[in-house]
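What follows is chain A paired twice: with chain B in the first complex and chain C in the second.
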Partner chain A sequence: MKKAVQLEKIGWVVFDLLLLLLGWIFLVTCTSAKDTFPDPVSVFSMLFTSFVKPIGTYTMWGHIMWSLYRVMVGFTLASVTGIIVGIAMGSSKIAEAIIKPIFEFLRPIPPIAWIPLAILWFGIDEASKYFIIWLGAFINVTLNSYVGASRTDETLIGAARMLGAGKRKVFTRIILPASMPQIFAGLQVAMSSCWMAVLVAEMVRSNEGVGWIIIRGTDTGNTAQIIVGMITIGVIGFILTTAMSWIERKVCSWNTTL
Partner chain B sequence: MDEKQQKLLEHEKQQRAQKRKYLMISVVSVCVFFFVWELITGILHILPDYTMPSPVKVLDSFIKKFYTKTPDGEILPVHIITSLKVSLFGFFLGSVTGVPIGIMMAWHPRFEKFFRPLFDLIRPVPTVAWIPIMILWFGIGLGAKAAVIFVSAFIPCVVNSFAGIKQTSQVHLWVAQTFGASRREMLFRIAIPTALPSIFTGLRLSLGSSWMALVAAEMLAANKGLGYMIYTSRSLGRADLIIVGMLTIGAIGAILSYVLGIAEKRIVKGVSR
Partner chain C sequence: MMENKVEVSHLTKKFGDLLVLDDLSFNVKNGEFLTIVGPTGCGKTTFLNSLTKLYDITSGEILVNGEPVNLKKHNIAYIFQEYSTMPWLKVEENIRFGLEIKKKSEEEIKRSVDWVIKMVGLEEYRDYYPRQLSASMLQRVVIARAFATEPELLLMDEPYGQLDLELRFKLEDELIKLWKKTNTTVIFITHNIEEAVYLGENIMVLTNKPTRVKTIIKNPLPWPRNVSDPEFIELRNKITDLIKWW
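Showing the complex of A and B:
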């Protein structure tokens, strides 16, 4: 029974893909769209050759590695700082009173809008990109850690206190684990916003990376290159989010609501 | 009884005093923030003006920008209206198509089976990655930006409407069926009201992401608008105008989501009662 359902699902996927391909072929052969739209053959041949033949200075692998490296630097910095700030805000009223107004004041500004200022502050090379990626993730991680920590069950804290746990023990054994699911939800969102931020940062100013591939495609009028870049971006984005939810399930395996 | 009340009153008083204390800390914190900013820029000039202007200078530029066209060619209200027009247009298109498609996908299994693979194909591509191809197709005018914003508003709308309808309790549907409701009635009287909070979450996410996509699109290709303004100010080294633009972008984003929140409160309440 389950197998039949799965087979049907695969059937629909294949059907859809075929329909899409046929529509695409129709579009490029029978209408005037062929001037601005590449045909499937050139896109897929470019997709496969791009892994051996360089676009610009790097092959596709090189560009992917550049982008991923930037994401990892920004994301790691953001998760460390964001969790610290968020939990501080959630578990201490004084920290909350100090940080929250400034945080709420800066929060509505989209991270992308920081790019011009970041370039003025850190120059046009790597540092400004790390800053943008860091910012994109930091807001999400901080917010979620804050919510997670401030929603810790008061009775649990009270019970631990009564049984003689010190402040530090309450923090490491109760507040931290209780906010874990929220923190991971934040990290999950942060990962996708990092991926978005790196693209914009690379589109605005860079010489390598997947964001550069697509904007370079626009500058040279090479639509095949743009589509190849978009496919790669989609696949990597998908892998990143899947990996994040896999880690989440491993780390928070005690949480049955996942 | 009297004693109890007094205790309660005292407790309340204490809590209020605590609240006041934290409010004071907040006020002091904001004041210190601005003071330090002013100190290192306006008074001590540790940071040069073209990387970090003082808050006073930012305020001054903000007011001046309302009537001076230099250096980017338009006054601030024109930039704001241009950006708002494009983003609201794209957001409107995206939500008007996205919400019904999400509802249909959740309500008709066959519709879901057909659309799901197509939708899953475009979903992992971040919306900003659509900017280059849209510029190539539609030029740098309103079309390309509206199209990018359409995509960025469409996706959260579909996802959340879909999830909302799927939350409908089977028991409610059975009850309706027992009382002879048609499938159409069940959709409009039960499933959609159940899904409304989730649909509104989708709309709020859409609004946020379309506002962000707009800024990105305007930085890459535009000759008007807030994103264009901050990006041109960068090449001119006018950090004060960048900050004015950023704060305007943030404020308008906050206002938009606040307005949507009011609409949500009205509509969702009215239906669920």
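Showing the complex of A and C:
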């Protein structure tokens, strides 16, 4: 039964992709979009050859590894700091009063707006890129961790206290596990934000990365290269979020919404 | 051993200008099963929350074993109206929770869990998550968790309020069995007069807000009690008359 459901799901994904491809073929053969939009054959041939023939200094593998490394550094930093700040805000009224106003002020500012300051503070090398990617993810992780911690069921906290749990035990054994589903939701969104931010980050002097492929394609008017970069980001993002969903199902197997 | 487990004297609780508990004084004996009944919203939960220090009291005194309540020192268990099972812990882990917090040895934990899980009939469900259990099973897990810690004082705030009649009677019978076995002092709050008569050795009747103790009635009926017994009905009607505000 479970296998049949999974097969049905895969079937729908294949159907979706075929529909997308058909729409794309229609667009480039039957409309005026063909002048500015590359056809699927040239995009996929470029995508496959990019794994053996370099775009710039590296093949696609090299570009993926550069971007992946940057995303993972930014994502890891954002996860650690976001969970700490979010849980602190959600479980302490004082922390909430101090941090939340600053957080709410910084929240709507997009990562791209930070580029000049990032360059001033961290230079034009890797640190500024990590900073921009971190910023993109940090907001989501913090916000979700905060919501998770602040919405912990008061009955559970009361029950733990009545059983003799002090503040530390209430935190580690009630607030933290109760926040896990929300934290994972934040991490999922943060992962997507990281891939959005990597494009912005690779605008800061770089010669490599999937984001750079797109930016370089824009500079040279190579639309096929832009779409190759987009497809690559989409596929890697999909693999990473699927992996995270799998981890979430393992860690939060008790959660009814999974 | 002291004769009184709980001594309440001149307990008053205000929320701002709103007087909720007005000069309550009474004692609960060691091993007693006291049911507290009163009109909805009269402050029954406020009383339990004050007793357990979840709320600060405005004036008066609450003593357990002759000294002010100390949750670290006094072994008190509180069963809430809402199901308080930890959803991320399996049935056995939920029951172990309180014992682990109290830093009992692994041997003690295993012995207590095995005993209590059998008592509440959940042996086969040790590895189930709360989401896989029915409402009555969830409340049984909470009761098992409370009894596993062998509390000297068990406080219950309308624990069966959300259950249907059949399940309620079943769990009430289980509770009486556990109480008789452990001789724990129980304070059971309910707005259901029939439940108060079915369970209590003594029944405390509270007034409407501001809440005072109207009377404490000794329940002479032997266990197992029968709700259709004329004596049972007579006592139930007597308490209904005492509570009537209409």
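Heads up, the rule we're going with is that the second predicted complex is superposed on the first by the 214 of 258 C-alpha atoms of A that agree within 3 Å, B and C clash if a C-alpha of one lies under 4 Å from a C-alpha of the other, contacts with A are read in each partner's own complex, and residues count from 1 in each chain.
As a working rule, a residue touches a chain if its C-beta (ideal position, glycine included) is under 8 Å from a C-beta of that chain, and two chains touch if they have at least 3 such contacts.
Because the structure is a prediction, the values reported are computed rather than measured.
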item: Chain C versus chain B on the shared chain A, clash or fit after superposition; value: clash
item: Comparing the two partners chain B and chain C, which touches a greater set of residues in chain A; value: B
item: First (chain B), second (chain C), both or neither touched by A:161; value: second
item: Chain B versus chain C as contact partner of A:65, first or second or both or neither; value: neither
item: Which superposed partner A:27 touches (first chain B, second chain C, both, neither); value: neither
item: Partner chain(s) touched by A:114 [first = chain B, second = chain C, both, neither]; value: first
item: Touching partner for A:177 - first (chain B), second (chain C), both, neither; value: second
item: Partner chain in contact with A:241 - chain B first, chain C second, else both or neither; value: first
item: Which superposed partner A:252 touches (first chain B, second chain C, both, neither); value: second
item: Stretch in clash, chain B with chain C, out of 6-14, 42-50, 114-122 or 132-140; value: 6-14
item: Sites on chain A touched by chain C in the complex; value: 153, 155-156, 158-166, 169, 173-174, 177-178, 180, 252-256
item: Partner chain A, residues of chain B touching it in the complex; value: 22-23, 25-26, 29-30, 33, 50-52, 113-114, 116-118, 121-122, 124-133, 135-137, 208, 211-212, 215-216, 219-220, 227, 230-231, 233-234, 237, 239, 242-243, 245-247, 249-251, 253-254, 257
item: Sites on chain A touched by chain B in the complex; value: 8-9, 12-13, 15-17, 20, 36, 93-94, 96-102, 105-110, 112-117, 119-121, 192, 195-196, 199-200, 203-204, 211, 214-215, 217-218, 221, 223, 226-227, 229-230, 233-235, 237-238, 241
item: Touching residues (chain side chain C, partner chain A) in the complex; value: 52, 54, 71-72, 75-78, 80, 82-84, 86-89, 97-98, 101-102, 129-131, 142, 145, 149
